[in-house]
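After this come two complexes, each holding chain A, first together with chain B and then together with chain C.
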Partner chain A sequence: MAFQLYKSEVSGSFYSWRGAAWIVAASMIFSLVAYLLLTDKELSLLDQGEMLFTLGEIIISLGIIMATTSASSAISAEIESGTFESLLLTPITARQIAFQKLLSIVTTWLLLYVVSIPYLVAVSSGTNLSISAVFYVGLYGTLLVIAFSSLTITFSSKLKSSKNSVMISLMILLIMLAPSLFFATSLKKTGFGTAIEDINPVSHAMNSLDSVLVDNQQTLPEQAIHILPVVIFTIVCLLILTNYTRRFEVKPIE
Partner chain B sequence: MIKTGHGFLIWTTIFRLLAIVMIAISALLIVTGSYSIMALGATSQSSTTPSGGNIMLEVTSQPQIHGVAGQIIKVEAKITNTGSSSAGGIAYISIVDLIGKVPIDLEDWSAEKGLYIPTIQPGQSLPLEWNIRLVKAGSYTVDILFNKDSDLSSPPVSSPKIFMDVQPKLNLNPENILPVAFGVPAVLLAALGSINYARGRRTGVYR
Partner chain C sequence: MAAANTESLHRSQIKSNNGIVTSNLSKAYRDFKAVNSLTLNVEPEDIFGFLGPNGAGKTTTIRMLCGLVLPSSGTGKVAGFDIVKDSVKIRSIVGLLPESSGFYGWMNAQEHLVHFALLYKIEPHIAKKRAQDLLEKVGLAEKAHVPISYYSRGMRQRLGLARTLINDPKIIFLDEPTLGLDPSGQLQIRKILLELNREKGVTIFLSSHTLSEVSSLCNKIAILDRGTLLAQGSIGELRKRAGISQKILVRVTDTPEARQQLLNLPFPSSTTNEGAGLISVKINTPIESSNKNSANYDINDIIDFCMKKGLQIYDIQRPEISLEEIFFKMTGLPPTLESIDSPFSEEERGMKSKGARLH
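And now, the complex of A and B:
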C-alpha cells in the first residue's frame, strides 16, 4: 500500500491527453520565451546572463503556480467529491496521505524542470553559466515548490473548499512573487522594498539567480545568504504540514 | 590702299572685340571661381567646426560611427571659447533616427544627457565626452549642442553631425534556440501521442 496513493496521483497527471496537456503547454510557454529572447528587438539586446535570469524566473514562477494550484485541491477536492472517506479507510495515516500528495506534486515539478533543461542549456550556450543555471533553477524551484505545496495542502485540508484554498494560496503566492516580478528597481531600493525583500524567500531565490547568472557569483558560499532563508522557509512550511495533517475532518465546511 | 587700310581697320576692330570678350570671360571666370572657392571654404568650415558667436564646437571622435546594438561607444568633442568674455552653459547631445524620422528618447541610450559647464574662459578649450549605449539597430545622426546661460534668446551652438550606423546584434545563436523551441513541444506531443495510442490499442479504443 506504500506509495499507492502517490502512484495513482502521478499516473492521473499523465493518464490521458487531457491529464498531460499541461506539460505540452508549459513547453510551449518556454518555447515562446526562448523565441522572443532570440527575435524580439529589445529582449534580444539583453546579455545572455540576463536572458537566462528571465527564463529562470519564468520556470520557477510557473512551477510554483502549477504546484500551488494543484495542491490547493489536493484534499478539499477529495472531500467535495465524497471520495475522501474511502481514502481514510485505507491502511495509511492522514500524514502519509498529505505527504504522498506532496510527493506527487513535487514529481510533477521535477518533470516540468526536466523539460526546461534543454531551454536553459540552449540559452546559456557559449557561456560558462549552463551548469549553474540548471543547478540553481532546480534548487530554488524544488525548495519553493515543496514549501508552497506544503502550505497549500494544509489550507486545502483545513478549509475543505477548493475554491477558498485556491484563492488564498494564489493571493499569498502573488504577494510573495510581487517584489521580484512587479516592483520597479527604484522601489526595491527604498527602505520598504529592501525590508520586504529581506523577509521574502521568493525574493531571495530570485535575487540569488540574478547574482549567479548576471553577476557571475556562482559558488554556493557566495549564495549561502540567499539559500539559507529559502531552506528555513521550506522547513517551516513542512513543519506546518506535518503538524496540521495529523488527522483530517471529513465533514465539509458549512 | 584704301582697300588695304579698310581691311586692316576691320581686322583691328575684330581683334579688339575678341580681346574685350576674352577679358570679360576671364573676369567672369575669376569672380565665379572665387565665389566657388569661398562657398567650398564655408562648407568645409561648417563640416568641421561650426561656431555660434564666440563658442566653437568641434567633434574630436570619428564623424562616422559603425557599431552593433548593445555596444557602448564614446562621442568626444571639444568646446572652445573664441570670444573675449567668459561663457557658460549646458552642452548636450541629440540623436535623431533617420529611418523613423524622429528624435530618440535618450533614457536608455545615455546616462548623462547634458553636461553643465559653469565657465569657459576666453581662449579656453574643454573636452566633452558622452558614453552612448547603442540600444536599437538603425541609422542615426548625433548632434552636440550648447546653450549659453547668458543668451537665452539665440539658438544653440551646434557641432557637425555625426552619422551613426547600428547593426543588429544576435546574442543567441538561432541554430541553438530554434531546434529546442520547436523540437521540445514536438517531441512531447509525439511521445504523449504514442503512449496514448499504445494504451488505446491495448484497451481496444483503437483497433
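And now, the complex of A and C:
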C-alpha cells in the first residue's frame, strides 16, 4: 500500500485519454521520423549515425515535453480540484506525495522509451550502434525526465496553478532545448555558444549522443564529461523538490 | 513482542485520550492574525461546537489541529499527540470533512473510498467492505458505481463524510458538514454523528454556521471572533458569560385585582395584555453570580408570589435560551435575516390564519 498513490496515478493516466494519447502520438511521430529518415531522398543520404542521433534527439525531447506537461499539473491540479487537502490528511507525507507523482511520470516515460526501442533498432540496423543508441537514449532520457519533472512539480506546488506552472516550465524547457535544436553549428562554436553549451545539461546530453552515434565514441569514460553535468543537474533538481516538499502547508484562499 | 507492546500502548493512549488541548495557539499570515492565542480544551467523547462569523479563524484552527498548517506560536495536542511533531500520527487517527472537499471525478464512490482507505494502509479486502458499509450508511449505496462527476452537491457532501470515516477515526473534525444538504440529508448526517459519538465514543469537533445544528448536537461550544476565543463551555455557561438572563413567562387571568398586583411586582418584568382574559408577564431571572447581595429568585419564588397575591396562573413557561441570542450578544453581530421582522404578515406567509392551516 506504500505506493498506492503511485498506482492510482499510473492507472489514472492510462484510464484517461492523456497517457494513452501520449503513447499513440509518440508512436506516430517515431514511425513518421523513421519512415522519412529511411525513405526520403535527401534525409536518406544522411550518415546512419546522424539518422540515429536525430531520432534519439526527438525521443528525448518528446519525453521531456511529456514529463514537463504532466508534472506541471501534478500538484496544482489537486489544489485546483480541492483534492490536495484530502491527500494531505492521509498519513502519507507531502514528500511521499510528490515523489510518487514523480515516479508515475517516470513510468510513463519508460513506457514511451520502450515504444521507441524498435524504432532505434530499425534505424541502426546494420551498424554496431544499436546497443549504444538504446542505452544512451535511455540514460539521458531518464535523467532529464527526472530532472525536469522534479523541477516542474516544485513549480506546480509553489505556483498552485497548472496554467502558470506549465507556462514557466515550458519556457525553461525551451531555453534549455534551444541550443541543441535551433543553434547553428557556427553559433555553437562562438564563445557565447560554447558557454551556453557548457552550462546547459540538455546540450551536454545531446552532444554526448552526437559523439556516441556520429563520432562512434561509445564508452562511458569517453562520455563522462557529458554524463556528469546531467547527473549533477538531476541531483540538484531532486534536492530542490525534496527541500520544497519537506512540508506543504494548505494556504487560506486569497 | 516489543512492537506489539508499543502498538498496544499507542492504542491505549489513543483510547484513553481522544481529547484536544491547545495553549495560546496562534497563526499569522504576514500581518494578519488568523488565530490569536487560542486556548481550547475538548474532552474525550465531547461533541464540541466551534462557532464564529466568516473569517473568524475556524478553518485555520481545524487545519492546525490536523497538522495541515503549522502554527506560528503556541502548542496543541490531539489525542495526546503534538500537532507539529506528530502530525502524521494525528492524521492516521482523525478524520476531517473540509468545507469544500474535492473528488476525483473519473472515479466512482466505491473506488474513491477504497483509494483513500489504501492510502491509510488498510488491507484491500477490509477497505472494500468498509467502503460498502459507509456508502450504505450515508445513503449512497445505490449510486456507488456512478462516476463522482455526475454527483450533486449534496451527494458529494455525503461522500465526503464517508471518506472522513474511512479510517475509523477517533476524532472527527467537520467544517460545515451539512452545507448543501436537504433537510432529510441534514438529519441523516446528525444521526450518524450522534451514533458515532454514543456507540464508538468518537470525539466530534464541529464547525458550523447552523446554530440550531450546533445547539442540538453539541455538549460544549466555543465562540471565536476575529481569531480570538470569546468563550467556551456548555450553553448554560455561555449564557452566564454573555450576561443573558433566563426569562420566565407567566400568563395570569385578567382581573382588576391582578392588574393592580402586577404593577408592584418585585421582579424586573414587562406585562402585555394578551386578550382572551389573559395577561402575559415576562420576568427576567437574575444571572447566576457569585455576588451574594444580588437578588436571587427562580420559578418557584414566582409561583409562591402569585399564590400569595391571589393571582390565578393560567400557565408558566421557561423558554430555552437560543444559541442565536448568545452568539449575537457575544460577537456583537447584527441578527440574521430570519430573526428580522418579515415585511409580510403572518397570514401572508401562511403561518397563522386558520384558513391557511386548513388549506
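FYI, the second predicted complex is superposed on the first by the 245 of 254 C-alpha atoms of A that agree within 3 Å, B and C clash if a C-alpha of one lies under 4 Å from a C-alpha of the other, contacts with A are read in each partner's own complex, and residues count from 1 in each chain.
The rule is simple: contacts are C-beta pairs under 8 Å (C-beta built on N, C-alpha and C of every residue); 3 or more make two chains touch, one makes a residue touch a chain.
For clarity, every value in this text was computed on a predicted model and none was experimentally measured.
Enquirer: Kindly classify A:247 by the partners it touches after superposition: chain B alone (first), chain C alone (second), both, or neither?
Expert: It touches chain C, and chain B stays clear.
Enquirer: Figure out whether A:20 sits in contact with chain B (first) or chain C (second), or with both, or with neither.
Expert: first
Enquirer: Now for A:81: first (chain B), second (chain C), both, or neither, which partner does it touch?
Expert: The second partner, chain C, only.
Enquirer: In the overlaid three-chain picture, which partner chain does A:12 touch, first (chain B) or second (chain C), both, or neither?
Expert: second
Enquirer: Look at A:182 in the shared chain and tell me whether it touches chain B only, chain C only, both, or neither; answer first, second, both or neither.
Expert: neither
Enquirer: Regarding the shared-chain residue A:123, is it in contact with chain B (first), chain C (second), both, or neither?
Expert: It touches chain B, and chain C stays clear.
Enquirer: Please work out whether A:89 is in contact with chain B alone, chain C alone, both, or neither, and reply first, second, both or neither.
Expert: second
Enquirer: Just to be sure I follow: which residues of chain A are touched by chain B in one complex and then by chain C in the other one?
Expert: In the superposed arrangement, which is not itself an observed complex, chain A uses residues 16 for both chain B and chain C.
Enquirer: Please name which positions on chain C make contact with chain A in the complex.
Expert: 29, 34, 59-60, 63, 66, 68-70, 88-89, 91-92, 94-96, 98, 100-106, 115-116, 118-122, 163
Enquirer: Quick one: in the complex, what on chain A touches chain B?
Expert: Going through chain A, the ones touching chain B are 14, 16-17, 20, 23-24, 27-28, 30-32, 34-35, 37-38, 41-42, 44-48, 51, 115, 118-119, 121-123, 125-126.
Enquirer: Within the complex, which stretch of chain A touches chain C?
Expert: Interface residues on chain A, with respect to chain C: 1-2, 4-5, 8, 12, 15-16, 78, 81-93, 247, 249-250, 252.
Enquirer: Any idea which chain B residues touch chain A in the complex?
Expert: Those in contact with chain A are residues 69-70, 135-137, 168-174, 176-185, 188-189, 192, 195-196.
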